[in-house]
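Structures for review follow.
Note that subunit A is present in both complexes that follow, paired respectively with subunit B and with subunit C.
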Partner chain A sequence: MRIAVFVKQVMDPEAVLAFDESGALVQNEQNLIIDAYSEYAVERAVQLKEELGFEVIAVTIGDENSIPAVRHALSMGCSEAYQVSDPDQLCTIPELKAQVLAAVAKEVSADLVMGGCMSADTGRAQVMPRVAEILGLPHVNKVVEMRLEGNLVCTKSEVNDGIAEIDVQLPAVICAQEGLAEPRYPSMWDIMQTRKKTIQTRSVNEYATSCASTSHLAVVLRLKEARKSGSIIEGETLSEVVQKAVSALRDEAKVLWGA
Partner chain B sequence: MHVFNEEEREILTAVKRFCEDRIKPAASAIDEEDVFPRELYTELGKAGILALTAPEEYGGLEISVHCWLECLSLISAASASLSMSVTACSSLMFLVSRFASEELGQKCLPKLATGEAIMCACITEPNAGSDVSSIATTAVLDGEHYLVNGSKIFITSGSVADYFVIFAKTRVGDKEGLICLLADKTMPGIRITRDEKKLGMRGSVTSELWFEDLRVPIDHVIGNAGDGFKVAYNTLERGRLYVAAMGLGIARAAQEAAVEYSKTRVQYGKPICKYQAIQNKLVDMEIGIDAGHALVHSIAERIERGEQTIKQASCAKVFCSELAERVTAEALQVFGGYGYCKDYPVERYFRDAKALPIFEGANEVQRNIIGKVILA
Partner chain C sequence: MQSGEAFREIFWNIDHHWLMQALLVLVLFLFVFFLVRIIRLTRIGIPVARSDRPGKRLWGSFRDAILQVKVLSEKKSGIIHAMMYFGFLVLLVCTITIAFDTYLGTHFINGHFYLYVISLGGDIAGLLFCAGVAAAIVRRAVNKNLETKVSDIIILVILLLVGITGFTIEGLRIAAADDPWRMWSPIGNLVAYAFSGIDEMQLVLWHRVFWWIHLVLAFAAIGTWTCTKLVHTFLIPLILYRRQLDNAAILPFVDLEDMDIQEIGVHTIRDFTTKDLLDSEACIRCSRCNEVCPAFTTGKTLVPMGFMQGVRAQLRLEGPEIKATRRHKHKNDVTEGVQGARKELTLMPVVGASIKKADLWQCVTCGACTEACPASIEIAPKVVKIRTHQVSMEGAFPNEAQSTFRALETNGNPWGTGWQKRMDRLADLEVLTFAEHPNAEWLYWPGCSGAFDDRNNKVTAAVTQILKATGVDFAVLGNEERCCGDAARRMGNEYVYYQLASRNIAALESYGIKKILTQCPHCLTALSVDYPQLGGSYEVIHHTQLIQRLIGEGRLKPSRDLSASLAYHDSCYLGRYNHVLKEPRLALAAAGASIVEPNRHGKAGFCCGAGGGGMWLEESQGTRINVERAKQLLSTNASQIVTGCPFCLTMLSDGIKALDSEVSVCDVAEIIWNSTLYQSDRIEPK
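What follows is the complex of A and B.
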């Protein structure tokens, strides 16, 4: 059995964000790390490989900064790695990215497709459900537990106020939520060993069809304005504090009338 | 300036992550409890971090000196006390791989590289520390063994060690000289008498040891009998550079904490980082750390070229250890009253930094070494 795991390189959540003059996020190899949600998926896939002897293929899309993400997945124990080279970052559009990843999943004959339920940077949560749609496969989102029973993937998935137990037939698409598996630390020996493995590279042009129809683009990115500081209303008695609060709401905030 | 290659960057990313996820959250408890974190040390070994400097034939990964210095800085920034044990271990791995026989290397290096075993250097005595020539512990040849007697103090990792690298006085022909021997804890005659209670570096044990008729086989001599000075000085030279890297790590942690705090602490209506008096402190810290960084990597460059760095290692040790003292004191000042309390890690950085100008050869002795070279 073959598992394709999609991984993404994202801005380190701890890194200080900076934007260039055009409003684009400044990314460099220093402030990028593997996406945490992708990593949960990789870990569970590698566990399945160790338990049941599957093949696990890590796949990423992006410019050369995306390569450390698949290298990291290899260091964690994936069997093979693919990078779909996208130097112009066309695949920041979820629709296009899903088309490409679905094509790769087909090409590597994946029986199970895994990835993060969203990415820690954009948080759009679009790619994996789109991949499932394109491939015509069942998918389970926000999976916190999964096991295989023959041809069945038995999952526990996070829903609003609880957990839904959902079983799907293989082939299927599984989206990892935090808690699915505790990612291992690849040892230094694993990291050095991974250097000797080849990452298979494809061009995005080999897969991309069209992204013009319904695509949407991020025009500009900027930080949220800092929250203005609040004020503490003080007074000798409760009624004095209430009076002052009502005055402030009526005269300054102008959200009360006639009080 | 050294530019890290892709492989080195990957290693540094992995070490940084380990420090952030595993060491940093434990650092305060290690300090508070003052107990050696054996489990965490073993984890470091399993992650391959202790193997980074060991030769490949002993299961190591033999990374560049540049890269190892950065690793030490990262570990020191997370927990200086844990990095004391790591630094001691890596200096000794260097000593064993350079001066010991292959058999001795095979006996201990693979275990040291995986964190299964810990090694300590037994040099300092009540009347000999920086002055190695005053060592009073004796090693007397007795058939196929050396009989070792004497006491050692301030031994990093002493009470948790599996292997002991002992420096002792011996007779070589009709002359007196220094010998370096490898003992292990299964040999009868090693007594741990106590662990010191220290101001900082708590959790890194500092022990007092006694050797009473300890019988060390003659094939456990590191280098040759009488070569002890050469072995000690070569190792101390490397160790001093490692201490400089530790100083940079502690200084960086303190500076980053001070920068962050100064942005959030508001006085007279604005964050204190807007005041020039505070800004100047932060800037002086930055200048010092950048200068120290350039200094240690220039020495790493010389080492990679195979050059001697006795004077330079002493310079770096003095500069970076005193920088760490200064930066942590100023960072504590930026934090004001909060810095003096245990709610923030800056007081720990301050206490830990105080050890650096003292151990691995006091800074006064380092200045003597530098003076001797420039006045020769």
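What follows is the complex of A and C.
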């Protein structure tokens, strides 16, 4: 059995961020690390490899900065690694990424496709369901627990008010949520061994994807406004305070009418 | 009769000398055989070069083994041991001189030397010896904490019987021969009085019987000397000779640029050095290490003495097989070539056999054990070497360490705060970076705590203000600084340490930095002890040293009217490892403070619990080390607690809070700066 795990290299969530007027990120040597959601997927896949002897293939897409993500996945115990080289960042939107990754999943004849349910940087949560759609496979999102029973993937998935237990037939797409597995810390020995392994590189152009035509485009990006701090209403007498509070609710917060 | 004519007939009343001589040959053979066997067993370890500076090494052996200086540092057991040891030593000299007279024809047993040294000296020594051994038996019987084994008692009883029979035959001889010099053997004379009135023939017979009993007991002791714990009399001088002469915090260098590296750290017993293995064989189970260990004394399962005994047991179990396989292999290599059949050994990992996995992480690497050990056995470095293998080769460590490791990897500080923020607080203090001021004399190294931690920022402020006020020419690396790597390395993560250290060294080299002032004793250790292994050698001092220097030069004049009594807490990595004990105390005294010392202070200081990565590990067993230390410090009734380490500052503040006390904890720099500020005209810029 072969598991394809999609991994992404993202900006360190602790990095100091700044944006220009157009909403684009100002590069300030922010560190890149493997995405936490990718790690949950890799960890569970590697556990399955160790339990059941599967092949685990780590796949990433991006410029040369994306390579450390698959290296890390290899250090964690993946058997092979693919990088779809996209030096000009043609495939950064989920729609195109999903097309490429679906093609890779087919190429490596994956029986199970895994990846993060979203990524910590853009948080768009689109790639995995799109891959499932393109491949015509069932997918379970926000999976916090999974095990294999023959051809059946038994999962527990986070839904709004609780946990849904969903079983799907292989082949399937599983999107990892925090809690699926506790990612291991590769030892120095693992890292040194990984140095000797080769990462297979494909060019994004090899996949018949028209990178120009997409169904949607981001028009503008804006930061969320910072949350305003609360204010304390003070006054001499109780009725004065109440009066001030009511007028604040009516005039400033505009949640009262006619009072 | 003139005392100058005094003598004693050797072998009075004794025949069959040949029997004694034959037995002696056998006994000496056993003695050498067992000794050689132990030393050869320890040679399965990795050879270690510890033969430089022979004069200094010999002096250490002489001071701590021959003169018993460290043994005597603990009064009760020290005095008992010294009585046995010095008593035995004098008796040994007496016996050897007698042997010289007998076989080499010398005439020691004559005149004044005989009377004062052999007769009187020997008697007093014998009494000391017997009293010491008896006291040791009583101590072992009474003190249940000593983990006394039956063999401990048997050895002591045999030694006591050797002493008692010795006095018995002396008394019998004096009584039977009516020795005219009997007054020079006061104890023997007393025994002789007990036999007065007994028929001379009887005395002669009993003398012969007891003489042979004495001989058999003594020979039994000598013959088994080197296969019982008494072998420590040879092994301890040996390991003292091979002790660590450099900084005790030093760890073996791991070359991560070597692509063919196969194994790092200690996995099985043969990954220890020969010195490590000799340490375990020399351990006499005196339990002084346990008594000072912060982990053991706060009810954790780590037992430093048990660890040493565990290594010893594992060496005894697997050593002979390893040795045999090596010999076999060697033979095969010679006769059948390398292809020859090799017996592959499966050895037990030391984790699980010599030390439990959980215990490995309870050590705060404070080094109090080695300081207290009469033989200076190195324990913390062994723990760290095992951690190195656990983390670097197996990725096995407590869960909570993972976030620290990752934070260090990604942002170069243990909290994981964005590395671009390191300079923020320093910029507020209007400190220049080396990029802005490349010719600064000193590099000021505030460290992660000084740069990121709110409480320690105040120490940073005090240090920078002192530096500015006294005109010290300094700058910082700012955002180019990374964690020094001490915690990573002592938690066993050589890889992260290497990444941090090599990056720091590259930054230091790029500015040609020579002199570094650190705020944290852990940075001090990493920069001065660890970095030279990677090619970075600098003059590194701690801020308390510079402050004391500035006060001494008259450039910094704290007001002398600080009337408070301060309890000074020694950071292990400042006091014990880097010997900075006087400077902070002198600086505080210059501010007029009276310093009260907790029981455990100076070289014997008690760790705050943060050392060896303890700052980043959870303490799940027993009571908390920082609370225990806070209690010790509060019991001095000092109005304030002072330290020189950011980790100690954090740990002790937490400990004191946990005890609902209001006593504040400060850094030396804060005390001095506040005291100086009261009279700002006292600052004299250069």
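Basically, the second predicted complex is superposed on the first by the 210 of 259 C-alpha atoms of A that agree within 3 Å, B and C clash if a C-alpha of one lies under 4 Å from a C-alpha of the other, contacts with A are read in each partner's own complex, and residues count from 1 in each chain.
Just so we're on the same page, a contact is a pair of C-beta atoms (placed from the backbone, for glycine too) under 8 Å apart; a residue touches a chain by one contact, two chains touch by 3 or more.
These numbers were taken from a predicted model, which means no experiment stands behind them.
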Inset, instruction - Based on the superposed arrangement, let me know which partner A:189 touches: subunit B (first), subunit C (second), both, or neither? - result: both
Inset, instruction - Tell me which partner A:15 touches in the superposition: subunit B (first), subunit C (second), both or neither. - result: second
Inset, instruction - Would you check which partner chain A:31 touches, where first means subunit B only, second means subunit C only, and both and neither mean what they say? - result: second
Legend entry - Shared subunit A contacts, counted only where both subunit B and subunit C touch the same residue: 14, 29, 33, 185-192, 195
Legend entry - subunit A residues within the subunit C interface of the complex: 12, 14-16, 28-31, 33, 182, 184-192, 195
Legend entry - Parts of subunit A lying in touch with subunit B, wherever the complex brings them together: 14, 29, 33, 68, 71, 185-192, 195
Inset, instruction - State the interface residues of subunit B toward subunit A in the complex, per the touch definition above. - result: 7, 9-11, 13-14, 17-18, 20-22, 46-49, 51-52, 61
Inset, instruction - Provide the residue numbers of subunit C that touch subunit A in the complex, in ascending order. - result: 256, 259, 261, 264, 391-395, 397, 399, 402, 405-407, 410-411, 416-421, 493-495
